[in-house]
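In what follows, subunit A forms one complex with subunit B and a second complex with subunit C.
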Partner chain A sequence: MKSNPIGRRKESESGVALLIAIFVLMLISVVAISLMVASGGESALAGNYRSSASVYLAATAGLEEARGRMLSGNSDYFNNTVAGFIPASGSLPVGQVRYILNPGPGEALGSLLTTYPDTEYATEFGAAPLSAAVQTIASVSTVTSGGTTYYGPLFKWVRINAATEKSLKTDVNSDSILDLVTPLYYDSGHVPKPSLVVTATPPASANQALEITALAILPNGSQKTVQYVVAPLTINLNFPSALTLSGKNIAFSGANSNVYYADGTDGDGNPPAVPGCTPNPLNSLPAIGVTEPLGGTGNKDAVTAGIPRPDHYSGAGLPTPSVSDAITLNSSLQTPASLNTLVQTISQYATIITPTPSGGLLGTATDSDLPPMSATNPATVVVDGNLNLSSFVGYGLLVVTGNLAYDGNSGWKGVILVVGDGTTTFTGAGGGNQEFDGAIFVASIKDTSGNLLSQLGNVGFDISGGGGNGVYYNSCWIKRAQPTLTYTVLSFRELH
Partner chain B sequence: MKRAQKQNKETGFTLIELMTSVSIFIVISGAIFGLLGTSQKLFRTESQLLSSFQEARLGMDQIVRDSNASGYPPVNHFSTLPALSSSYVISPVAWMPGYLTPASCTIGTAGGGTCTTPGDFDVIFEGDFNDGSGVEWIRYQLQGTTLYRGVALKSAVADPVATTNVAGVMLPYVTNVMNNTSSAQIAAIRASYPAMFPGGAAQPIFQFICDSGTSTVLCQNAVGSNSPSNVRDIEITLIVMSPQRDAQTNRLRLVELNGRGHRNNPNQ
Partner chain C sequence: MKIKNSLVFSTILAAALGLSAPVFAQSNSQKKKSPAKQSKPGPKPHKVWTNDEVGSLRSPADAYLDTKYRRTDETATAQQQPTGVKPAHHVGSPALSNPKTLDDADKMIAWEKRDVDAQTEYVEHVRKQIEEAHPEDRERLKKVLQDRIQILADTRSEMETLEQQKKELQKKTAANNKEAKGQPPSQ
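Let's look at the complex of A and B:
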């Protein structure tokens, strides 16, 4: 009985502590939740901003990988990994599609285009590409080293294909028709301004415009599709004649051979074909062009006097021999300084620079110093010194900073620039039936000590020992010989 | 029973006990409420600062994106230009005066150039921003302390300023932008933030960087190439002030955001 009241009181108070505890807990929870909600909203906003910026950057990284890997000078050049991935002529027929695939963690290369389908292509061209026309290559942005894989930018795929009016939804020639089948070319010689042109037969000053499209998707689902239209930029050399000699005094001694011709009509002779390019015979230039820095007609007269068979020198509708001193040189061919800059530029993109300079003296390179080359695989060769060719047929762009001599059955398809020291000479003692297709330019830019001249020096051209079948102007080979310096971005847009 | 009754009477609290516990309770809850009040005030000013910051950041992001995407389709996409200039882009950055006549102005700063726009506080981007509308003008203009944004279809016959000045086009976008505030306000801000407003002058929102030979320089320093069509990059600086001062120190609260827009499309 004594403890009863206390027992009762204890019983009646026993629920209060629980109630108070629950109440306090609720209070704290409400405060905590409201704080979480407030800060949660902030971090979501910050996260959205961050992912929109990173998905944009990831997609543009994809565009840049494609743009860089189309350059043959790049060690990751597409064709170094998959032969013929980008056709050697630098152009892709409409309908042909190339993809760079960049699977992320846990994704397979083979199923990437199924997981992240390219619906954009059908939007642009009206239908998905034929599977036979699709080639894929792996991205180089993901690197595996020491058993660990390091993932690069999170783009999924990059597509490279020919651009058409329809795919760009742009009426390039303002004819009110969006052409679906004709590829677009970027014509640097278009008047009044360089622009895209719709043509199946592009002029020599045009290169095909390609469309590069990249899709990036982040793990949180943010996605972005961006697109470039690019076109190759070359040094854009052009020549006023099949053989151009520029200098103060020109010594000329032509070939006696009855099979030797110098011909300024585009595509004459027997040149190998250049894919996607047809020479235009209406484009006829002088066989030989000379400059007259001292005034008068001294150089023209010297060349004319040195020609044994005048009727073998034709072009530009001139009376034979077709020799002209009324020529206009490309600005980069005009002065020793501009030619020197040109040689430096070409050297940066050369397949090979030979021979290795030794003790500051000009060495002499021979056939064995030159890289393998063919009509489908032309090279850019810079010979820093003299070059002696012996029964060698080359393809591409050849720069010689000394003298060039050849014998035997030698020839070249493309451009030869001989820009040497003192009196630069081009000497031939050849036989056989090879020929030079493209253009040849000879000038002296340095004195015998190697100092840059203020004006072009003297030039010697002597093929009295034999010149093979001759020199033929060829706009296609001139274009084909020039390396692509970069792919210029003609336009950029965000698609989604 | 007596003892039990006595015990029952003693179960209550004495006055002293009650007063002691109540005063302890008051002191503790006073401290708690005081702290709560201060943190609530702090929370309010901080979240205002954050929302100003957030608004400015979103604004900055949009300006950078509009700048990056401007200029499509460029003139180089047409072998024959369309009859109406509203179908293509003349320049990623539009200008006035002289837009409709073939004359360009020069970009200066603080009234140094001949352009009204682009200027320190006004820019108009031109391009097809892929929203299905075709080529548009997007204008950012600071009026007082509010940055306005307006989008209008490009017109072949009207200039970009007149087109975007039509009532209802320009809408408030970022508020409390202090870049061009009064010199007294700038002095007050510099007391708390000495690094802001270098030299005590108004801080341009847009600074234009032009191509100059092989390098790039601020357009006002680029002799002969300081026209809107040569703009390559745009440096963007947004200084935004929180509507309320700091709850504890009573200082002004500002944030300065820097961004850079890069023109991807060719300029002609």
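Let's look at the complex of A and C:
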């Protein structure tokens, strides 16, 4: 019997199709598994990115809560909840530490710093803060309403403290030493350009630099520590004299009272103290400064001729009466347009704008229209019209666009800008014992219809009725009066 | 034959496992990493607001100013006044001395009296301030007190001078009246 070769071959190849099919199926399975695994990897990456972004945003939310609540105009201002939580004026001493605590669901406020310790502070300052120097406050990001608690961003704590060279690991003054104890200030008037400075006695143009550090931790364990260095941003007004009159023609009638003085020496008179600020008596300016837009000495002569008691006007080492027309004005005080912009800027941050405009005429506000204020709680007041003060002592920044009238028992600690009509009147005839500490600036920027002038108009300053103790230049009150517009971010770092 | 088939099958299986191994390895390595240590998403560039930008934000005060200046513009258009700058007028301010009439003297003395009363009160206030002041502020307040006591003394002295001047004016007035009475009526 002869064997069939074809049949033998068929027999030998039997099962190959099955093997090929299995192989193809396996390949498809491998590809499918690979795709599934790759997809899982992508999902994991996306998840990681999401949690990283979430924790970053949660931490920056903490920074922003701190930055916002340092502003006295904020309804959640720290000191509205805990008196003296941050210094309303002056500096936060190095070593003093403030925390905002933000416990999540099931976490206790009191143990938050134990559960999530601040190890970064010791890294910056070499040791943990003393417990006596630590104050805490609850975050406002978690809200309870109708019995339900709504949790905000998942930051755990935010720390606020004074910045030093050591904490920032930056040799600011290039002395090859990282100073641990001297606070840093941001000096906007630093020459040749604004800069951080290391000083225990900051100049008037400098404000303290503060560190704000926040830690956020998500339930999945992602965590982030970020840090701002911030400094308060103010209008940064400064004045060349105790009383500055800027205009085309100045009408001045000096005080008849023997008790009235105008003094350009910083801190003279009897002002209440501004914490953390000491006036410098060596900083002596003219009692009265005037501009001469028409050239010559017309305004200086007019003011000098209007002073009945020349020896009562002193400052800058000038012969009495101390009146100078060699003054330089801050750029925001130079023209009607810049002054108008300044008034609008101040209006945006005003504690109050009064009175309500009606009938196209300037209204008149009185003491009762002004908000409560004190040496520890100065206000920013914009009176869009006339203001009559009677036995009233104010603190802060006052803008009057009409006539400012006051008696001898009225005073102000801070800055007064009479820019509009540019007139002030002393009411009464003698008496009173209040004084103005800081600076007064008077200019006319509008016509009688309220239109902005192209050049400064005429100015009238009549104190012939006074009374009162006079006007005294005070750099501390000038600085204290100016509202903090915001805390400007000088630097931002992601620490961990 | 069976041996041949099983050899082919084993080769395919090994190849399949070989292909899938790196995929699982990659997967495991990803699982080991904690989420926080994954590659960081680049933080968005941090915007620092400048004063100008802050100033550009609108607030309720803007609405107020808009209303006000719209009103002012309408008034200005209606009135069509050119500049409206008020003329400056200079009024001389006499100090409190040399009254011309008895009435002036009375007013000046009353003025001085108000100043003296207010300063007396103020001196007492500074004395209390000194008692309650911190030691470092006490010296400054003592100087303020000294200055104000001097000012008070000067003011009292001025008032006395005015009273003297008033008496002289009274004498002068009386003499004038007497003289006027002594003269015969004109024909």
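Basically, the second predicted complex is superposed on the first by the 445 of 496 C-alpha atoms of A that agree within 3 Å, B and C clash if a C-alpha of one lies under 4 Å from a C-alpha of the other, contacts with A are read in each partner's own complex, and residues count from 1 in each chain.
To be clear about the criterion, contacts are C-beta pairs under 8 Å (C-beta built on N, C-alpha and C of every residue); 3 or more make two chains touch, one makes a residue touch a chain.
Keep in mind that what you see is a predicted model, and the values were worked out from it rather than measured.
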| item | value |
| --- | --- |
| Contacts of A:Ser52 with subunit B and subunit C, given as first, second, both or neither | both |
| Which of subunit B and subunit C A:Leu19 touches, first, second, both or neither | second |
| Touched partner set for A:Ser390, first subunit B, second subunit C, both or neither | neither |
| Partner chain in contact with A:Phe492 - subunit B first, subunit C second, else both or neither | both |
| Partner chain(s) touched by A:Gln334 [first = subunit B, second = subunit C, both, neither] | neither |
| More subunit A residues in contact - subunit B or subunit C | C |
| Touched partner set for A:Asn280, first subunit B, second subunit C, both or neither | neither |
| Residues of subunit A that lie at the interface with subunit B and also at the interface with subunit C | 38, 45, 49, 52-53, 56, 489, 492, 494 |
| Residue numbers on subunit A that touch subunit B, as the complex places them | 1-2, 4-6, 9, 38, 42, 45-46, 49, 52-53, 56, 168, 170-175, 186-187, 190, 193-198, 229, 489-496 |
| Contact set on subunit B toward subunit A in their complex | 3-4, 7-8, 11, 43, 47, 50, 54, 57-58, 61, 65, 68-69, 71-83, 128-130, 264-266, 268 |
| Subunit C residues within the subunit A interface of the complex | 1, 5, 8-9, 12-13, 16, 19-20, 23-24, 26-27, 30-31, 33-36, 38-41, 43, 46, 48-49, 51, 54-55, 57, 59, 61-62, 64-65, 67-69, 71-76, 79, 81, 83-96, 107, 110-115, 117-119, 121-122, 125-126, 129, 137, 141, 144, 151-152, 154-155, 158 |
| Interface residues, subunit A side, partner subunit C - complex | 12, 15, 19, 22-23, 26-27, 29-30, 33-34, 37-38, 40-41, 44-45, 47-49, 51-53, 55-56, 220-224, 233, 248-259, 269-270, 273, 302, 305-309, 344-345, 347-348, 350, 353, 357, 360, 384, 408-409, 421, 429-433, 444, 447-451, 453, 457-460, 462, 464, 467, 469, 485-486, 488-489, 492, 494 |
